[in-house]
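Chain nomenclature is as follows: A, B, C and D, assigned in order of appearance, with residue numbering initiated at 1 for each chain independently.
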Amino acid sequence: MSGPRPGRHRDKVRASVAEALEGLHDGARVMVGGFGLCGNPEALIRGVVERGVRDLVLISNNAGNLGKGLNLWLQAGIVRKVICTYIGTNEALHEQMAAGRVEVEIVPQGTFVERIRAAGAGIAAFYTPTGAGTVVAEGKEIREFDGRPHLLERALGADFALVRARRADPFGNLRFWRTARNFSPLMCMAARTTLVEADELVPLGTFDPDDVHLPGIFVHRIVEVREHEDPFEYRVVRPRPEGR
Amino acid sequence: MPWSREQMAERAAREIPPGSIVNLGIGLPTLVADCIPPDADIWLHTENGILGMGPFPYEGEEDPQIINAGKQTVTIVRGGSTFDSALSFAMIRGGHVDVTILGAMQVSAAGDLANWAIPGGKVMGIGGAMDLASGSGFILAMTTHVTREGEPKLVAECTYPLTARRCVHRVLTDLGLFACGPEGFRLLELAPGVSLDEVRRKTGAPVLEGRP
Amino acid sequence: MSGPRPGRHRDKVRASVAEALEGLHDGARVMVGGFGLCGNPEALIRGVVERGVRDLVLISNNAGNLGKGLNLWLQAGIVRKVICTYIGTNEALHEQMAAGRVEVEIVPQGTFVERIRAAGAGIAAFYTPTGAGTVVAEGKEIREFDGRPHLLERALGADFALVRARRADPFGNLRFWRTARNFSPLMCMAARTTLVEADELVPLGTFDPDDVHLPGIFVHRIVEVREHEDPFEYRVVRPRPEGR
Amino acid sequence: MPWSREQMAERAAREIPPGSIVNLGIGLPTLVADCIPPDADIWLHTENGILGMGPFPYEGEEDPQIINAGKQTVTIVRGGSTFDSALSFAMIRGGHVDVTILGAMQVSAAGDLANWAIPGGKVMGIGGAMDLASGSGFILAMTTHVTREGEPKLVAECTYPLTARRCVHRVLTDLGLFACGPEGFRLLELAPGVSLDEVRRKTGAPVLEGRP
């Protein structure tokens, strides 16, 4: 008997970060875009702390670094589990792990993003050679294809995705800037509700149809945030040669 | 009087909530496009790679490289986007298309859909039908109530090759609108002047009344 | 002992279609981009007939129509098998099938393109709900995920991909036009050797890095072809209202 | 005398055929970028989403949103492109990257690679290492021949957690260049003034000479 679900593709623009975060609840599975501190939705990340939710499952490549980005969530103690690919020098995460306050699941990066894409694309599971013969294979189905062992990996979805875009139109068509794109489009596809923090909100029709990085079908709420810290994680430069 | 094709299209359009992403199959469902209110924020998806498909182009503005899944020339609305087929089917299979309206050869009470092949007939191919039927949030099947030979298309069990099982939520025919369910087709609305008796006579499965 | 394979990412531009098709052999598995007659590599399609190869396995959504596009291959009798999603009014294919001259494998379109992507992305196989409970499931492994039956589908690769692009630079970075994009980027990823017929060859650096639809890593040969028929398959227009 | 880090980088660069797509891991391999001849049509891939990565930016031109997989600011060359991580790993896993140069903690004669974790050490994570090791057409491992404690890094069997099995084709150390194989490490080149004896003493598996 039940009819179609209510349409979600109108009135997506929110006036504030707090409004954009409405409904984000304790225990939610939350994907956050960015590669390290590059391409972080900084205002949404801060907003989640201010909202006061807890027990979050965070799905993000790095969970911040240098006390910035998603380190705020770890410092605030609102994360129960992190699914990520790399910890490295992320002291906040090392500390929380060591203290037993945060469970950490480490996934190879290509598998991580492919699992996220699979969730968004309606693919339940897939076979990848990555991780065969390693600890990553433990407890997973292993199967040979073309003479090579492959692991069965499951789709990885979420309740919410929080991403940063360079520009968004009111329908949620997005463009990203350079390597700030990374996991964000895939996370938008994989979450039930997708929140976009756009550096700039532009009128509908600004983008040529061929130039949309991610169509608005995958986006549910948009908040414009013009100011970002955009910290350097490792600022490396070379001296400018004479005469340039 | 049974609904005309145009009236069916209008009725189908009223099934679409504002703010929805919609995919319209080939044939009857194509007519629905013209009945969608312009201010409803309804976005048409076509599986060959447009979100925000617009009406047919004005004479002289047609581009052979801007087509719909039926290979007809179309346009792209303001805010529309184009993309490759993998992303397009990620939208479909991933459940991001809110409403899909598909033609049907047979629909079973339980919601099985057959719309791609007639036993013994020429094989026409599957196209995007199976993905659309498996992936969409809500599927409205749209068909005349009976075949040209008077055979019911709403049946207890499909005898034609299936497109997908348990996928159709509602069926709109020239006689009425029905919800699929394990016990039969539940009548939601009758076309004006059509009797429940006529519907029952022309349906190959129980037709139920009232809320379940 | 064996060292790295020779690099293929230089000198990609070919002077002629015949040169671009070098090495395309009898029995080759060939993917051809396009949705019906939209976005066909017209010159490469003709070139294959002129080359005189045969017994090809053609992987393409439609295999032409109206005597145009890939119908040329069917008429020339150089195709042994077609893997496609839709036949419809393609009389050339109906005839060849009926005569038993061409084997046809029909694949649901979403599964078709996902299998092609999988081949390009190093995913051996995946589980999709599409086709469960239908003839498509016959002979395939069926497995439940989240209470729904899924089919195991294998990657679908090829020896060659022949695609059309709107613009290419000499490295093979591509941009497509509107719905001419369709399967082409995925086919470029899935084939051992990818041949691009570009409407326009532009200098390196023409594209902004964020605006490349398909990076040149997936492209091996490029031929510029400025003239195309671009036939309409179903030309549908509406009358222009007065005063417009 | 063993090769310096810079000499190793130069030697590694000579392993890359012109016209190749190359991914350079974090650490030692990063140095190889500076040794690639500018006219060799060698394109650097970084898994966070650049094909055609250029050198570090000039002072004042750095952009925190243009980084490599080590999160260092970089540039993009003419003809370079940026893309999402799914496409980037499709390039890697799909075998489209011709040459990958990775750091190593241990490499076995058969080509097993361990480069992401030390038993009992802090867990640093996997990042793209496993995908790179499983997916690339040719893998060159690059490492000092022994640990700071003098333990061999070229071993019969890895004791550290594996990154991938049977993936490394060649190993470049400060002492020489070796091909992996089931019977041992086959010597391809010695650093000047380094003796085969020294290499054998510092290697935890057989070191073979000549063509197999």
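Assorted remarks:
Please note the rule applied: a contact is a pair of C-beta atoms (placed from the backbone, for glycine too) under 8 Å apart; a residue touches a chain by one contact, two chains touch by 3 or more.
These figures come from a predicted structure and were not determined experimentally.
Judged by contacting C-beta pairs, the busier of the interfaces A-B and A-D is A-D. Distance between chain centres (mean CA atoms), chain C to chain D: 35 Å.
Centroids built from CA atoms put chain C at 28 Å from chain B.
Within chain D, residues 50, 76, 82-83, 86, 89, 92-93, 135 each touch two or more of the remaining chains. Contacts with at least two other chains are made by residues 114, 117, 121-123, 128-129, 176-178, 181, 209-210, 213 of chain C. You'll find the chains touch as A-B, A-C, A-D, B-C, C-D. Residues 15-21, 41-43, 45, 50-52, 76, 78-83, 86-87, 89-99, 135, 137-138, 169-170, 179, 181, 186, 188, 211-212 of chain D are the ones that touch chain C when the two sit in their complex. The touching residues of chain C, when paired with chain D in their complex, are 1-11, 117, 119-123, 169-171, 173, 189, 204-205, 207, 209-210, 212, 215-218.
The part of chain C that touches chain A in the complex is made up of residues 114, 118, 121-129, 145-146, 148, 150, 154, 175-178, 181, 209-211, 213.
Those residues of chain A that touch chain D in the shared complex are 35-39, 65, 84-88, 94, 97, 104, 106-111, 113-114, 116-117, 128-136, 176-186, 213, 230-240, 244.
For chain B in complex with chain C, the residues that touch the partner chain are 46-50, 55-67, 70-74, 76, 82-86, 88-89, 92-93, 112, 122-131, 134-135, 161-165.
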